[in-house]
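Okay, got some structures for you below.
One chain, subunit A, links the two complexes that follow: it is found with subunit B in the first and with subunit C in the second.
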Partner chain A sequence: MRAATDDGRRAMIAKRWGRGLLISAFSALLVIYVAGPVAWLVSSSLQSEADITAVPPNWLPPKVTFGNFEAIFSNTTREVTYETRRQGDPATGRFLPSGAENLLPALWNSFTVGLWVAILNVVVSITAAYAIAVIHFKGRQAALYTILATRVIPDIALIVPLFLVMRNLDLVNTRFALVVTYLAVTVPFTIFILISYFEQIPRDLYRAARADGCSHVQALRHVYLPLSLPALVASVMFAFLTSWNEFIFALILTQNIASQTLPIVISGFVMDFTTSFSFVNAAGVIAIVPPVVLAMMFERYIVSGLTAGAVKG
Partner chain B sequence: MARIRLDGVTKHYGSVTALQQLNLDIRDREFMVFLGPSGCGKTTTLNIIAGLEEISEGNIWFDDRRVTFTPPHKREIAMVFQSYALYPQKSVFDNIAFGLRLRGEDSASVDAKVKSAAERLEISHLLDRKPHQLSGGQRQRVALGRALVRQPSVFLMDEPLSNLDAALRVSMRSLIKKLHLAMGTTFVYVTHDQAEALTLADRITVMRDGLIQQLDTPDAIYNRPANRFVASFLGNPQMNFIEGKIAETSAGPRFVRGDFQLAVDPEVAAGQGGRDVVLGLRAEDAILAGDGGLAGAVTLVSPLGSEQHVDMDIAGVELTVRASKDQSLAIGDRLSLAVEPARLHLFDATSEQRLAASS
Partner chain C sequence: MLERLGRQFGYDERSAALLVFPVFAVLMVVAVYPIVYSFYTSLFDIVLTRPWRRPFVGFGNYARIFADPQFWTAVQRTTVYTVVTVSITTVMALFVALLLNEAFPGRRLLSALILLPWATPSIVNGLMWKWIYDPGYGLLNGILVQLGWIEKYIVWLGDPDKTLFMIANAAIWKQMPLAAILLLVSMKSISNDLYRAATVDGANVFQRFLHVTLPALKPGLMLVLVYETMISIRHFDLFLIMTQGGPGDASYTLSWQIYVETFRNLKFGIGAALSYVLALATFILSYLFIRGFGSKA
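Presenting the complex of A and B:
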């Protein structure tokens, strides 16, 4: 009898261990899949060109160098002359692709565009979502479907018409054009997220606020916004990241240094004849820093923000 | 203080009609209770008075002011909800102060009013807490405080006690009644609980399917229900209903269903011989005596402490009657039923309306 109990217990422990191992193994795989490219990006940005291109590859820098970052932050427009010819050779590790001086302005452009998109996106979406979720006006469903329908059309199909519209408005090569375009992408999604969040807030709170003397704007400000903080933070992050990472619209709508964003400028470093991987990777690291900092700042809100709308409270 | 008038108010939700041609006159300082089952339109009516729902037809008046299109925040109302509806991110103090601050009152006056309301409701020690740190009863007190601190002209309550346990409900009920007496404000109260309606109301509006069934004092509604629905909705245990006919006899009109026969009020039933009716008999209106007369057997005894409910089978009719707690009763006992004719209710079998005295 006791032997049987012992066997049973042993089997249970083995099963528990087995399950733990399986979960750990899959978690490790997932981490490698997600974090691997980022780790390689960071590692190679700290290596010289020769170390990056070595076979077999150096997973960790044999000799850490900040030369690539130095090149980015200290570069100025310069012509390659006989004296500075070594800067034309990627193998030296001091190679500066043409347009390298655009990197920091592009960083600034990306940041300002992202910021405007994040702010305007939330401002526009909050009022629209409140109206659709809370005020039972006629045509409410139709409004919602119309907003969502705009996202059914693939971006690629919109590029040429958008370009023509922007050109006619004389907005090509402006950051404003990017802000407006990105808002068209982010606003429908944000409205959708916020509607489902607002609808979870008990209706009685709305009724209480109105009875207490709130106008719609005051009910939104005093009741809905404080209770929707996670969804609002998630929306801000979503809009900023969408704007930060966007490539195809920026490629078409901006063609000068004053308006180009980071993805466009970095992609320009991959050239036909010479490509400095070390420089591109260092630029890549700089490109991921702002979103990572933002994500870390708002981490605790994002988690609850992303599950928002999944469960009907 | 306000008199509220609903004038031909109709409310449609798509193809569904929630309220139909509702005419209602709530007197100044009155405690009006809307009573009815779920879906009868009582909460919709309350929301319409509050301005939280727009109406499809008709008009609403507060005194001489037409408020049909006035938004809720301009109607000088206060509202208390079944779910308490406290702002979860605000402290008790801020919850109560919210309405005053919206009105732009200065902080000294806000402070004084909140503290006085809190004292009245015995929640002064809770002012710093958040709603999630409170019990249900405490939360409802905060909700009451939030409403009364604004000194509204109309107090609206949507089943405020439904989420509380039985004992708390009774004490909160008397608190609300006292508040009404002290404040001298019009109260409109929605409930499906007949005990709340009967104890609190000056007048009760019984509703069903968006229509008013009866609007009268609690006494009239209980003792002279306008139709079978009202009669069935009030009273515990529910009124007994027996279908039968009126027969004219030499001794006066009688209700007849086979061997089950009872003398009925001649003022009501005279000249109605042969009419199909439903007899209504409240459990407490029947007196149980020894065997003889209209007799039957006890089929179930349900002791309730203060009294007993006795199920009987009399001439094939199932009845529930009330007996005193001291009466010793057992299943199978044979007892007879004595009823005063004036205590019986007669409803038309088809229209289900009460047959009233012809005088």
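Presenting the complex of A and C:
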């Protein structure tokens, strides 16, 4: 009898250990898969050109150098040629591309465009989502489907007409053109998120507010907005990240540094094969930090917001 | 007059119109107009190197596309890339969601960490993997040689047989987290009673997965498949930054063909028609997925 329970307990313990081992192994693999490539990006941004072109590669910088970051933030220009890079001699300088000084203005452009998109996106989406989700007006389904259908056409198809529109309005090479364009990308999705959120709010609250004499704008302000804070945070984050990461529209709509965003300037470095690897990686690290920090900080909101529509199935 | 309008359309209608107006104004300019104009363009033989003559050709551009062998190459490349990306992303996401559905210390930290690829800009994703694959100094070659799995450094992106898969790998890295999160949410909505009942009936882990988890995951899986297919079939950024359609035409996908026809050959008519073919393909595929899953459920 005692032996039997002992066996049972041992089996239980073995099973629990097995489960723990399996979960640890899987978790470790996942961490390496997700963070490994980025860790290598960061590691190579901190190496000198000689260290970065070593064979076999240095997993960690043998000697940490912030030269690339200094160059980006202190606005110096130094020429680099294919030959000097291949020599891999630290004495030939830090291998900076001639456009290095463009990174700082591009960073600023990315921030301002992202902020404007985040604000305007949520402002125009809130009212439309409220109208479609709450007010039972004729044609609300049609309004929703029209908004969502605009996302079916591939972005690349919209670029030529958009470019012509912006040129006619004399807006090419302005950040304003990017802000307006990005709204076309973010607004449909934001409205979708907000509608599914608004519909979960009990309708009795709306009826009570209206019975108390609230107008629609007041009902939106005093009932719906305070109750949908997570969805609003998610929308702001989503819009900023979309704007920060967007590439193809900016590639066509902006051709000078007054309006170019970070991805455009960085892609220029990547396709110029004379640019130092460590410098390109440093530029990549700078572009990756703001969205990653925001995503980690607001992880809970983003996940609940992104999946708000999905839960209903 | 105004009064009569006011009576015909109640307060609700008027408020709704006012509240929806800003969105429609914006979308009109940056989405609806370009979409319509783009279709209009696709009916003309517009070549920018010959701006004075732009004859109406009806669906002639579409006919020319389907007769172009380059188009069928692009279809083939796009299909391979999409099938590989979507299937591997979905399977990996399923495993990650199963892991994150368990209760264990560090689970919260892990689910925040997997947002890292999702938040990474696609251009940085491209440069990062291009550097990892680098034929001279990349990490991938370094690791494989140090492990003794390969003798010499391999040219990964420059090899026509490998390049599509290498790009797909970079795309999977970025797309897997969101797919995992979407699946995790549908998993969380499965009632624990179902598992308990299955356990009482003597079902083991795999049987529980097969008969409880998987059927309940259908809506989530469908969403992931539709979303990932839509993203992959029209993906552009990685192709521009990693291979530019090459080597040769090894990564010449449909979105790359649209870019080349429009911005390099300046054939706006053909480019617009290609975009509409791609949009239609996306639409049909999504519909088929939804229908297929709907009938089985």
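In the analysis below, the second predicted complex is superposed on the first by the 270 of 313 C-alpha atoms of A that agree within 3 Å, B and C clash if a C-alpha of one lies under 4 Å from a C-alpha of the other, contacts with A are read in each partner's own complex, and residues count from 1 in each chain.
What we mean here is this: contacts are C-beta pairs under 8 Å (C-beta built on N, C-alpha and C of every residue); 3 or more make two chains touch, one makes a residue touch a chain.
Here the structure is a predicted model, which means the values were calculated and not measured.
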| item | value |
| --- | --- |
| Clash or fit, subunit B versus subunit C on superposed subunit A | fit |
| Touched partner set for A:Val280, first subunit B, second subunit C, both or neither | second |
| Partner chain in contact with A:Pro202 - subunit B first, subunit C second, else both or neither | first |
| Which of subunit B and subunit C A:Gly213 touches, first, second, both or neither | first |
| Dominant contact partner of subunit A by residue count, subunit C or subunit B | C |
| First (subunit B), second (subunit C), both or neither touched by A:Pro226 | first |
| Partner chain(s) touched by A:Thr186 [first = subunit B, second = subunit C, both, neither] | neither |
| First (subunit B), second (subunit C), both or neither touched by A:Val38 | second |
| Subunit B versus subunit C - smallest C-alpha distance in the overlay, whole Å | 6 |
| Common interface positions of subunit A, toward subunit B and toward subunit C | 215 |
| Interface residues, subunit B side, partner subunit A - complex | 47, 50-52, 71-73, 77-79, 81-89, 98-99, 102-103, 146-147, 150, 156 |
| Touching residues (chain side subunit A, partner subunit C) in the complex | 20, 23, 26-27, 30-31, 33-35, 37-38, 40-41, 44, 52-57, 59, 123-125, 127-128, 130-132, 135-138, 140, 143, 146-147, 150, 152-162, 164-165, 180-181, 183-184, 187-188, 191, 215-217, 241, 244-245, 247-248, 252, 262-263, 266-267, 270-271, 277, 280-281, 284, 287-288, 291-292, 294-296, 299, 302-303, 306-307, 310-311, 313 |
| List of subunit C residues in touch with subunit A within their complex | 12-13, 15-17, 19-20, 22-24, 26-27, 29-35, 37-38, 41, 95-96, 99, 102, 104, 106, 110-124, 126-132, 134, 136-139, 142, 145-146, 153, 173, 177-178, 181-182, 185-186, 189, 219-220, 223, 234, 236-237, 240-241, 244, 255, 258-259, 262-263, 268, 271-272, 275-276, 278-279, 282-283 |
| Subunit A - residues contacting subunit B, complex | 202, 204-205, 207-215, 218, 222-223, 226-227 |
